[in-house]
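Quick one: the structure is below, and I'll ask about it shortly.
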Amino acid sequence: MSDFTLPRRLVAEALGTAMLVGTVVGSGIMADKLSDDVAVSLLGNTIPTGAILVVLITMLGPISGAHFNPAVTFVFWLKRELGLAVAGAYIASQILGGICGSLTAHVMFELPVWQASTTVRTGEAQWVAEVVATFGLLASILAGIRFKAEAVPWLVGLYITAAYWFTASTSFANPAVAIARAFTDTFAGIRPVDLPGFIVAEFIGAAIALVLFTWLLKTRSETASRSAATSVR
Amino acid sequence: MSDFTLPRRLVAEALGTAMLVGTVVGSGIMADKLSDDVAVSLLGNTIPTGAILVVLITMLGPISGAHFNPAVTFVFWLKRELGLAVAGAYIASQILGGICGSLTAHVMFELPVWQASTTVRTGEAQWVAEVVATFGLLASILAGIRFKAEAVPWLVGLYITAAYWFTASTSFANPAVAIARAFTDTFAGIRPVDLPGFIVAEFIGAAIALVLFTWLLKTRSETASRSAATSVR
Amino acid sequence: MSDFTLPRRLVAEALGTAMLVGTVVGSGIMADKLSDDVAVSLLGNTIPTGAILVVLITMLGPISGAHFNPAVTFVFWLKRELGLAVAGAYIASQILGGICGSLTAHVMFELPVWQASTTVRTGEAQWVAEVVATFGLLASILAGIRFKAEAVPWLVGLYITAAYWFTASTSFANPAVAIARAFTDTFAGIRPVDLPGFIVAEFIGAAIALVLFTWLLKTRSETASRSAATSVR
Amino acid sequence: MSDFTLPRRLVAEALGTAMLVGTVVGSGIMADKLSDDVAVSLLGNTIPTGAILVVLITMLGPISGAHFNPAVTFVFWLKRELGLAVAGAYIASQILGGICGSLTAHVMFELPVWQASTTVRTGEAQWVAEVVATFGLLASILAGIRFKAEAVPWLVGLYITAAYWFTASTSFANPAVAIARAFTDTFAGIRPVDLPGFIVAEFIGAAIALVLFTWLLKTRSETASRSAATSVR
């Protein structure tokens, strides 16, 4: 049982996702407004996003685990570390928090509060990119927790810093963030109609990471003791 | 009682705020002079600011706590970790140090030493941005101290790196730095007449963070023992 | 003997090299597409590469040692930490993984999957650059392992971040990555015919680092006991 | 007595300074060649320099202390941690290593090996900047060693990252590096005739840091025991 009550954990998930989306959307608006060079804008979007992830996971991880991401919650539910009801409440909090993040960014930048994105992000290449992006994110988290738990905030922040650039989709890798980004017609937006493709791809990438890393992270002795247990039956 | 005498602590606060403001103002001048792309200039302003914060908090934190910020001192006074007289002396040192930082930057860049900013920074959107920025800063500090004190220099440096971009105000989040920035008519400046709005917003953001995180950071056992204590009465 | 079985170690080497090359090639494509300023593109190539190296070495190091680089495997074979067969299997996995990384990047960016680079990278200056780059990489690794093993992911990530800029060749410093980059006619490519010069230079740089650092890292007591051992004979 | 023999320590100082200067000069050439935006070039010069400092100090610090800087060696000599002969040998190694770094950068970039800079860097503002820059560097080192020795590589790397931007001189802060930079007529150069002003300013900044931090870093108990010792006499 967590050291913190469920309401606190849900507030942590909502607040963390709100601050994450506020950073993604807000820095996107700022960067886009200030530069004509899209690579400079993407740097101005990448560096803040990577930085805030390190901060948010360090400060809220001990409360809720700092998922901020339904694909992460889904994997921990598959690993039986969360029950179905808690996982559902986590995901609802993430989505609500994320949308608040977009709206807050609009308020800060004097834009219409409610928006719907018109940025097209669809097609097989984008979906492959999201599978890859989310696979890598979960791989970092699963291996990080296994080998060096205190480094996970850095691993996630640095992974996303890289993934913004090596994936053609700029690596959403997060269904709650994707939904929240459908609510902004700015640099970071995604057309609502393109959400299903992204979200499905993200869950697939997460599931692949879980399968591969469940095998990969098993030591000789764990494999041996399991074989022993099997042969006894 | 601190390991260090009050004069040393006040010198640490003044020196740290001076070096922080010197970096904010100096890198702003340099970046503005070298580029026509404002996003590039903001990168050249962000990266040094984030970097120096990690350095200053690590090197002066053990002496004074490395507040460099009246909003932080205010929160620690509310938490009863500083008396009123010491808190006042801290804030005075921060303001004096900050102004010295602006003046030193001017000397290094051969600009008139005494200046008053003409950069307009006002309006509800900017004030909301400062509330959000200072809320996030104090949230990082309060949760950081609670869960991973040795990471606080990094949390603050990375948080400000992000907040420069996700807030429309470029995240002053610090009344002493704001005052010092009124003394420079360069990239980082703010009109003196716009100071009150910023400063009030910053203290509000800090207070909200204190209220929310006082609740959020309470574990089950802390909540239980408090209830027990209450029911005994 | 490693805690992990050989198949897991080889998968770790292949996966890590694939993700490394995917980042190098993918971020190169993204950066090149988004900017006309080649220095901005190189920043957009450098930052992701440095970041992913920290992640990959932290997450896969405990499984395979996280070489992802035949020059590194070569040095550990010279140091007798790997047998010839395992070293060969490592190198084959790295090369296969690296090529998969290039192809995956092409799929994500909707480019022809199979390509051959036409980017000329040859000549003495480039070879000297590769000797220097690989010397520095191995120096960081050998000294890092000796003095602060947990810092090695950071040392490698930061070293490559620097070396992208201080070497005229942008620091391939890795024969498997060089081969994989011959399979892409994008920002990060290298003509297949230019591979031998690069690969030879890289192994030379690695060997020089091993010789120099074997001497440099010896303490007084190690030197003394060796002399004692010699004089007994 | 150091764990390492003097020849190893001198090689470490020469190699480290060579790699530092190679990075400063090499990344300056690369950045200048690739961009028309001087702020972008300075980013391409700053990020590698900060990164390599973390690497070099981590990997060579345990051997020689990783000064790579006569102003640092001077301060440790004043603190009686090095004798005069060793300090002199350190400084000679740093200067020789630094010059090798410039020459190696020229070879890698196919430029004339021997050059003399024509870049004017003189005047009171520049000298004030160098005093400030070197003061801050030594402050970071002295406080870092006192409070968190394992963080010193990061403190120095991050400090220089900031100081490149907040000082008008781009923060040489190092007499050996300054001398080596007089040997290159590229982005990072300095006219030989301007060296004395920079070098004197750097030693002054270092001395001020030593005086201020000797006082600032003294705890109550250290102050008390000293007073006691004095009153006994």
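Chains: A, B, C and D, in written order; residue numbering restarts at 1 for each.
Simple rule for what comes next: a residue touches a chain if its C-beta (ideal position, glycine included) is under 8 Å from a C-beta of that chain, and two chains touch if they have at least 3 such contacts.
Here the structure is a predicted model, which is why all the values come from computation and not from measurement.
Contacts with chain A and chain C are shared by no chain at all. Mostly differing positions are employed by chain C and chain D in their mutual contact, as under half of the interface residue numbers are shared between these two copies.
Taking the mean Cα position of each chain as its centre, A sits at the greatest distance from chain D. If you average the Cα atoms of chain A and of chain D, the two centres end up 40 Å apart. Look at where the CA atoms of chain A average out and do the same for chain B: the two points lie 29 Å apart.
In chain A, the positions touching at least two other chains are 37, 40, 43, 47. Viewed as a network of touching protein chains, the structure reduces to one closed ring of chains, two contacts apiece. Counting only pairs that meet the touch rule, the chains in contact are A-B, A-C, B-D, C-D.
Chain C contributes residues 1-5, 8, 11-12, 15, 19, 22-23, 25-27, 30-31, 34-37, 40-41, 43-45, 47-49, 51-52, 54-55, 58-63, 104-105, 107-110, 157 to its touches with chain A in the complex. The part of chain B that touches chain A in the complex is made up of residues 37-40, 42-43, 46-47, 50, 123, 125, 128-129, 132, 136, 139-140, 143-144, 147-148, 151, 154-155, 158-159, 161-169, 215-221, 223.
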